[in-house]
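One chain, subunit A, appears in both complexes that follow, with subunit B as partner in the first and subunit C in the second.
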Partner chain A sequence: MNVTAATEALVQAVNLSVSYGAKRAVDEVSFTIPKGRVVGLLGHNGAGKTTLMKAMVGLAKTQGQLSVLGLDPVRDRVALLQSACYIPDVAILPRWARVGELITLMSGLHPKFSAERARALLKRTSVGLNDKVKTLSKGMVAQAHLALIAAIDARLMILDEPTLGLDVLSRKSFYEMLIDEWCDGERSVLISTHQIEEIETLLSDVLMLNEGKLVLSLSLEDMDRRFVALSHDAAVADQMAAAHPLLRYRTGPGPGGNAAIFDGEPPADVQALGQRMRPSLVDLFVALTRKPELNRTQF
Partner chain B sequence: MNLLMPLMQREWMQHRFGWALTATVPLLLAVLLLSFGNVQVQMDAEMGDSGMPPVVAVAALSVVASMAVMLLLATVTSLVTVVGLARRDHADRSVEFWLSLPIGHSRSLAVPMGVHLVLVPLLALLWGALAGVLVSAVLVSRTYGFGAWLDLPWSDAAKLIGVLLTRSALGWPLALLWLAPLILLAMLMFAWMRRWGLVVFGLLLAIGNSPLGAIAGYHWLPNWLSAMAQGAAGSLYSGGDLHINAEGAGAAMELAGKAPAWLISDFASSVAALASPVLLGGLVFAAACFFGLVQWRKRGASVAV
Partner chain C sequence: MHTWDQKQPIYQQLADILLGRLIDGDPPEGEAMPSVRALASRYLINPLTVHRALQALGDNGLLESRRGLGMFVTTGAREKLRAAERERFLKQEWPRLQERLRRLGIGPEHLNWENPQ
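On to the complex of A and B.
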């Protein structure tokens, strides 16, 4: 993900840090997001995902360099938000408003908002234009919020836990819309979520944060090349452990349901002990973000 | 992109129900009470000496009282809204939705302030004048008969109401300039300390105005507050008298004829009073408070994670 020229990068962060008082929520992270990518931002609770996203839309003061769409997010927040849309971590809309009123307001407040598109997107949901936000369930508020944001003709979409509270059908429907209709090869999306399995197939790139630090920033193609998982029998577990994998875990019941993830090609004699398989994003996430001492105690 | 109208529209969408209640409930109560209550009109000496026929004086008082009540109600409700403005979207967490839109912090604060402090009171004045005509119809009908109300000198009355409205509408923004430091300080303190901010604000004013404040050497505070109050009151009516010589039916005509000149001279006095170091200092203080509010909103955006 770092190979694209800076001019094509929609987001470029160099040694970026964000602090709240003495606590450093984001710690010296560097990455780029080129155009036309769908990037997953993964991390445990408190890893700094929300803070990083807020920094990207000018809602948190930063140290280091951060350029989003070629703009300084804090100094040029208003200009930036005309070309970047953002959903905060909870789908929150003003409770006093009707959904139709929000469309009217957004039409006046956002130069790239399409009321027609928002109405079309809302028709696919159970939310009506005359519904008051305070009468909607949490999932319906999220649906309405997503429809409003997806109706913005932006170059960058930043979604912080966008499907929180949505049922599985609504989540699937939203992601389909996002990939099939919103993404056009020029626009990029940054999504943070804990439902990693659901979005893994949508992503082109992944950023992993752990306690404010960026532990992984690469494309999924590179991820497949770089990380190797070996499934193996319990009988060879000690030999696998001796090869210092990133993570050992169970893939299923029975003595054969064990696996280990390696950063890079494991030695040939170790490879011979198991069967090569593609590591899932979830397993890699666990491998890279959990505390090392847990590696041993989990078995 | 012109954000003024959409931001004003937001206020309309959010507050229209409350505004409708504020405008109609007092009027309905007044009409009901005057229609079915025991109404007795007693002219005091001043009104008796004004030369106005009693029926005209009663109608005029109805309109003036209605305007004053509506302005007072609108001012009180607007002040309550404005003081909590910086925090109002935090309760339902929708502040994060608003912050995700391309609207500057200053504009997000200034436009609602303008709506609540300027537009709403001015519309309340207009509504008060219209409602006053209805109230006068009920009151005059109860005391002198509906025919007397129809026989009122309506062209002169319309001119007088127009002058009064214009004078109040011109003076209201000036009065706000005088009161801006207090309003913005209350907003800032509420933003920083929530309800405790208003408690501290009230205590500061109370101590400053009490003998304790005088002992502590805070003479400037009561003097400052007094100058601001006088300036605000003088912005609405700077004390220019309107003498009329005619009596009876001619009094209203003479009053209507002299009113435009009075409006100009009285407003000119209010404008002249703006050249005051107290006002200048107050405006600098108010600007500092507004800057503080913008900073709080910026900081609030990052703290509300």
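On to the complex of A and C.
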């Protein structure tokens, strides 16, 4: 991520660790989140995504340095929560409440919450102010929840698997609202998800965790520059393998459906064996987070 | 959701989509392009990527930015695009098409030049 923007970084972590007993859930990670970014936090289940997000809002005891909006999340938690909003992976809205009542509740609880803005955001959705949460579909609850927290005049939004269990149309509406109503070039959002292919184009940056360690932290623009994917014919598979790609995989049926990802430009003679492709985030994710024993070299 | 191929960068693919629309006169010359945010939420693309796509069209002289108002389609943009597309068709597509027609034994008399069926 951009180092020159570090002065305007919303989040800065240096050698940050979070331990549960003897287990290090987050292990010495360092990264920054500048303003105006859409950052994807990727990792398998148990990689440390939720723990890292909890640490950012002061819900986990940390070692190393962590500054969020210039504050210490544990010590300055109350001040931090005025300018950072968070939907945890276990988020629920009270089932008995009407949406309008939740707006009233939020107005009383949060000094930077705008009831007017919440109502305007809800107009985008099919959720009515008189609807009870228990009558809403899962997709509508997610939208209502997003509307409620996007109505907080904050600078950082943290979403832990916000679209889990939603159908494709609900996920689309969710992200449309996020892009349209939240991303203004100043505010940033950190999203964890397993639907990598779906959000790849939304992201400006990616943080990839594997067993608590940060295996990748860069902008998507830099990703296109740094990693090279080559599609190639099965006939040159051995030569490709000899050039030590990060990963070899199938892109489709037939002998032409082979590809390899390289970290950095492979030699010209290797490049000449295949056709250059855009390295996809999901392929890179597989390449960087596979357990060694799963590392198949033969396809 | 829109699907993107793995052949080209996303901004390039978006630029191509926008080019196709400009050829059809959407939006017409002299009119404003949709805002970065509108395009970002329509195609579910990061605003920075949308900005890059618009910039690429600006570099080709098809769009111009008007201070505080956003990007506008330049005068002559459509004709310029059509000329470039014609050129591309004649140089790249036509030789391949011609070869295929020859192999199939299709002459001008077999082709419907009037209305698309």
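Everything below uses one rule, namely that the second predicted complex is superposed on the first by the 291 of 299 C-alpha atoms of A that agree within 3 Å, B and C clash if a C-alpha of one lies under 4 Å from a C-alpha of the other, contacts with A are read in each partner's own complex, and residues count from 1 in each chain.
The working rule: a residue touches a chain if its C-beta (ideal position, glycine included) is under 8 Å from a C-beta of that chain, and two chains touch if they have at least 3 such contacts.
All values derive from a computational prediction rather than experimental measurement.
Superposition of the two structures on subunit A shows subunit C fitting alongside subunit B with no clash. In the superposition on chain A, contact is made by A:224 with subunit C only, not with subunit B.
By the touch criterion defined above, A:272 reaches neither subunit B nor subunit C. Looking at the shared chain after the overlay, A:38 reaches subunit C, while subunit B stays out of its contact range.
More residues of subunit A are touched by B (comparison of subunit B with subunit C). Of the two partner chains, subunit B is the only one touched by A:87; subunit C is not. Within the superposed three-chain model, A:20 lies in touch with subunit B and out of touch with subunit C [touch as defined at top]. Within the superposed three-chain model, A:120 lies out of touch with both subunit B and subunit C [touch as defined at top]. The superposed arrangement places subunit B and subunit C with a least CA-CA distance of 26 Å. No residue of subunit A contacts both subunit B in one complex and subunit C in the other.
The touching residues of subunit B, counted against subunit A in their complex, run 1, 3, 5-7, 9-10, 13-14, 89, 92-94, 96-104, 301-303, 305. For subunit A in complex with subunit C, the residues that touch the partner chain are 38, 168, 171-172, 175-176, 179-180, 183, 185, 198, 201-204, 220-221, 224, 229, 251, 277-278, 280.
Contact residues on subunit C toward subunit A in their complex (touch as defined above): 1, 4-10, 37-38, 40-41, 43-49. Considering their complex, residues 20, 25, 50-51, 54, 57, 59-61, 77-82, 85-88, 90, 92-97, 101, 104-111, 145 of subunit A touch subunit B.
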